[in-house]
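Two complexes come next, and they have one chain in common, subunit A, joined by subunit B in the first and subunit C in the second.
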Partner chain A sequence: MSSATALPPRGMLRIATDATLDKLLSGRGIWPAVPAIVVLAAVAVIPFGILLSLGFSDIAVERGAIISQTFTLDYVRTALADPLTFTVFQRSMVLALSTMLLCLFFGYPVAYLFLIGGPWVRRLILVLTIAPLLTSGIVRTYAWLVILGGRGLVNNTLIEIGLIERPLRIINTHWAVLIGMAQIHLPVMILPLIAVMSRHDRRLDEASANLGASRLGTLVNVILPLSVPGIGTGAALVFTISYTTFVVPQLLGGGNYLNAATMIYEQVVYSLEWSKGSVSSMILMATCLVVLVFIALITNHFTRWTKGREA
Partner chain B sequence: MTPRRQLADTLAIGAILAVAVVALILLVAPSIVVVIISFDTRAYVSFPPVGFTLDWYAKVFEETALVEAMLNSLQVGITVTGLCILLGVPTALVCVRGRFPGTTALSVFVLVPHMVPGIVLGVAVLFAGALVGVGPSIYLQSLSIAVFVLAVMVRTVMSRLQRLDPALEEASANLGASPFQTLATVTFPLLLPAILAGAVFTFVEGFDNLSVAIFTHGFRDRPLPVELLALVQTTNTPLVAAVSGVQIVLAIVALVIVAATIGLDRVNE
Partner chain C sequence: MHEPVDANADLLTPPVLSIGGVTKRFGPLTVLDRCSLDVAEGEIVTLLGPSGCGKTTLLRCIAGFWAPDAGTITIDGADTVRVPVNRRPVGVVFQSYALFPHLTVAKNVAYGLRMRGMAKADIAARVARALETVALSDFAGRYPAQLSGGQQQRVAIARVLVLEPRVLLLDEPFNALDAKLRGAMQVDLRQLIKRLGITAIFVTHDQEEALTMSDRIAVMRAGRIEQLAPPEEIFDHPATAYVADFIGSSNFWQSHAEGGRVNLPDGQSAPSHRAGDVTIMVRPHNLAIRPGEDGPLKGAVGFQRNIGALVEYHVATDGGGTVRVMAMRQERGRSIADGTRVTLSILDPNLCAVYEPQ
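What follows is the complex of A and B.
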């Protein structure tokens, strides 16, 4: 510690402590990160391993504690053979993919507006995008109950203008879940798109215009290809949360609407079939990963000019 | 460009911008509807409202279960934030400043729990706890949510660290400060805005998280999201709207803090 010698002389012990502190906390070595690594290992990595092992085990649970565990492939086999498993995961998959596409449809134009807008438009878009992310998911889902409910905004408006006589049943349908989910996850799509747009070099658009391209032509041939990484990130994030979300299907889908998350909840919390719940969680993770890899491959395929420069 | 092509171009761009405006309205309209409903005088949820009252807000604070749930969530939020600062800030420092192979691996490792779906983490922690005899409780809930959102704190602080002007720390070292003194008196104060912004995000997650909490919360210490979920499913009065109104106010406060600390345009990093 050459710098320590420049300090006014103090007791040997004090200098030794300083040197130790310097070594420990300078951030050059791994020590400051050790507590986090230990906690992550204990509360995430090891639990994932246990989750995996429970899927392949017959277990006995007594008063919330696992008292015995024996190896079996029965739960994996049963789950894979069960038509309900297939139906539930297929439903979740279709729902998540359609949510992703809807979010892209509504999110990309916002990103384009962000790109061409002035500072005030940009600030407004940031506020409107980030504010919902800081609001509880239940609150935002509840809002859709108010809007789509039997005596909600949509039904009352339709009755008022004489289009229908009785309220439509919108809540507790697949459509309610899709609408709610797309709106609630929209900010997650917009944020990565905005990130790409704020790095976008507007001189490229000018060059494109000077070469005779229309604004639409510039959007399709210059801006869109350059924003592919943002689309990939947004799509991956929206897919993951939509595929694994619990609140929206539970509240807008009604009691009988099962998606992967609500099924896992029922298996773990209500019927206490922990091995079944483990298998379902594993299927959830595995299928999610497959789609994420697929999204990454497509993103990579369509990423032009900037390959290797941007994440 | 021919006039016809120009018209087509204007129409296409106009349509795209119209979708953008609709999307922006969609982002906030539902929350505004909830706030409007929370002042309705009727005992059932319907839109538009017919009167104005603050009774539902008064009722929120009369319901012991709700107040207790809010206090529980407040405790979880504070614990999660504290844990994330204690564990996350040093980790971010190591990820950026580390002089050993594996700093990249470390920064990826920290992100892993955040990449995993919340319900899977919740289930995993519940099962692991059951194996070693640790039942669900407010502490288990706080710890698992902290692990879930630690990545947010690490990334916020890392992004600030990477943009710090190295000249400031070099100057401090040249003036005779030890690395630790530099860290405490120069680097740390410069990192404060990022830590505060990270604290807001981790607090909000601790307060609002449901996916991890439904599996790990204590049966007697129900957090607000769990209580609220049950309430939404069992009551049809604007009481839930009033709770939502309170939560929306908290979200606005959080937004203002984030805007004042790191700036909204840095949220992405």
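What follows is the complex of A and C.
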């Protein structure tokens, strides 16, 4: 009698086990995400932890392996005190923000054309937006070398129409980097905008016109506010890849153009100062996050109407 | 084919909206074929027809979303066809209301006034008055998604009424509402439009809605207006077999007319303005049903259902085909059981309509 009450009846135990098994097999709860979590831990969280630890320690490297590691705040302190850090991150920030604005400036009209265009215009825009993504970024960057070079398309044309006498120095400047980045990152801005536009209810535009709005009035008062989620996503994506970009500044900015990514590359690959590179990476990541949060806050502010849908 | 309906029949005042021979084609398809229609001040005219009959196309031409390929549209005597959509004195209530989801109720209603560049204080006053008219003053700060279907519809109406349009266009405004709410909203909306004295065009495929809402109904078929008349006339004297079939339920027989009389299936005869082969139409409530076989129109009850005070019988006649009969349900009396042999007779032969043969 007493043993029967102390232990749960056999039947009940079995039900419990079955439920767990059932949960596992039917993929309920957190289980479906487990493989992804394992992979992420292996390839992202752990390396990031190692990187973080490098920034806060003195290391001795011998034949590519760390042989000793002692805790220090020296690298963080030095990096934050170094005026070069500030200059480079400021340059990266300005470059990324202006790329973002340029992409928005050129991308939004394309998205608007997509909205008002017929099926063939839509297809054409989609193909022209996605096609460049199928080619390597490096190839597209080299193309800009040809276009912007001393005897490139731009300079030759300008000389031929007599606007300038000697070729302008575009390549290996901040402007070349900006032009190249804006073009190469443009699809990343256009795609989320198009996604929003394809869901846009055109009857709202008709209602707006019926209520007396001009095409511009409808664009400003109806289409623009409703495409804020797309603008937010596009801006966040373009900012992130522009802020952390390596290839374009390296190729179009010439050897001495230093942005955050090229600086980290030099610190890690050329000077073998892994701790310095680690600190720079952390600054890059932190500042990037700050801007992303800022973009998210602005997007949220302009999409307040989507909250509190319950009547 | 039928001649286009004469639109200018018995209008005492000059029409607010006048549509003359409007034609619209999409590729090889003629969606509107020489539609003409005059609407008087304060009148509610319904465009009624099945989907694809062109009623929404005509509405969109009046609103200016589409340009007609031929024909005229005038409002208060002024040609409107070339007036851009945002300058027409026309207010549209869309099928799904098309409320701006990112604007509050008050801002939705204020939108049109803002586009007209009105002063802020005036806008606030007029918006408040419009919201009061549709009894939504307490919801001014809500977003459309936080409203019920009926409330959304009222916002859509207030949003155009605040602009005091000359013509109000309503595109199936009750479609998005559940059946129970629909009836009440129909009565409310008609009373509101009548109280404000607005000229309105109302598009629907629902005959009950049309009968409730309209001063006149234009029954449309394949891009043409088949009959334009007040609801009672449409119901009692449908001009064509198509209208008779579309409005209310009807029974049709092929028959022969001679010397101004037409033979009816139950052995009686009725006056006829046609001669030769004709189609005759008898409404279900113009038929009497009795058990037994003592007349020429015989059959067996195949199906029956109670509709409140009425019983509808489907009688399979011996001549083939099913005839619908509507009879009063006798109190405590038993209805005629399924399978019973019955005889049908026409109550009033003069109410039978005679059309060209089909």
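The rule we apply is simple: the second predicted complex is superposed on the first by the 268 of 311 C-alpha atoms of A that agree within 3 Å, B and C clash if a C-alpha of one lies under 4 Å from a C-alpha of the other, contacts with A are read in each partner's own complex, and residues count from 1 in each chain.
Rule of thumb we're sticking to: a contact is a pair of C-beta atoms (placed from the backbone, for glycine too) under 8 Å apart; a residue touches a chain by one contact, two chains touch by 3 or more.
What you see is a predicted model, and the numbers here were worked out from it, not measured in a lab.
Engineer: With both complexes overlaid on chain A, does A:R140 touch subunit B (first), subunit C (second), both or neither?
Structural biologist: first
Engineer: Between subunit B (first) and subunit C (second), which, if any, makes contact with A:Y112: first, second, both or neither?
Structural biologist: After superposing on A, A:Y112 lies in contact with subunit B but is clear of subunit C.
Engineer: So in the superposed three-chain picture, is A:R77 touching just subunit B, just subunit C, both, or none of them (first/second/both/neither)?
Structural biologist: neither
Engineer: Just subunit B (first), just subunit C (second), both, or neither: which does A:R199 touch?
Structural biologist: neither
Engineer: By the touch definition at the top of the document, which applies to A:F48: first (subunit B), second (subunit C), both, or neither?
Structural biologist: Touch partner of A:F48: subunit B, not subunit C.
Engineer: If you tally the residues of subunit A touched by each partner, is the higher count for subunit B or for subunit C?
Structural biologist: Comparing touch counts on subunit A for subunit B and subunit C gives B.
Engineer: In the overlaid three-chain picture, which partner chain does A:V127 touch, first (subunit B) or second (subunit C), both, or neither?
Structural biologist: First partner only, subunit B.
Engineer: Applying the document's definition of touch, where does A:P225 land relative to subunit B and subunit C: first, second, both, or neither?
Structural biologist: A:P225 sits against subunit C, while subunit B stays out of touch.
Engineer: After the superposition on A, what does A:G29 contact: first (subunit B), second (subunit C), both or neither?
Structural biologist: Only subunit B is touched by A:G29; subunit C is not.
Engineer: Give one of first, second, both or neither to describe whether A:S214 is in contact with subunit B, with subunit C, with both, or with none.
Structural biologist: both
Engineer: Intersection of subunit A residues contacting subunit B with those contacting subunit C?
Structural biologist: 212, 214, 217
Engineer: Which residues of subunit B touch subunit A once you look at their complex with the stated criterion?
Structural biologist: 1, 5-6, 8-9, 12-13, 16-17, 19-24, 26-28, 30-31, 33-34, 37, 44-48, 83, 86-88, 90-91, 93-100, 102, 106, 109-110, 112-113, 115-121, 123-128, 130-131, 133, 135-136, 143-144, 146-147, 150, 154, 173, 176-180, 183, 200, 204, 207-208, 210-211, 214-215, 224-225, 228-229, 232-233, 240-241, 243-244, 247-248, 251-252, 254-255, 258-259, 264-265, 267-269
Engineer: In their complex, what parts of subunit C are in touch with subunit A?
Structural biologist: 63-65, 85-88, 90-92, 94, 96, 98-103, 111-112, 115-116, 143, 145-148, 159-160, 163
Engineer: Which stretch or stretches of subunit A touch subunit C in the complex?
Structural biologist: Residues of subunit A touching subunit C: 201, 203-204, 206-214, 217, 221-222, 225-226, 303, 305, 308-311.
Engineer: Looking at the complex, which residues from subunit A come into contact with subunit B?
Structural biologist: Checking each residue of subunit A against subunit B gives 1, 3-4, 6-7, 18-19, 21-22, 25-33, 35-37, 39-40, 43-48, 50-51, 54, 61, 64-66, 105-107, 109-110, 112-113, 122-132, 134-147, 149, 151-153, 156, 183, 186-187, 190-192, 194-195, 198, 212, 214-217, 219, 240-241, 243-247, 250-251, 261, 264-265, 268-269, 274, 277-278, 281, 284-285, 288.
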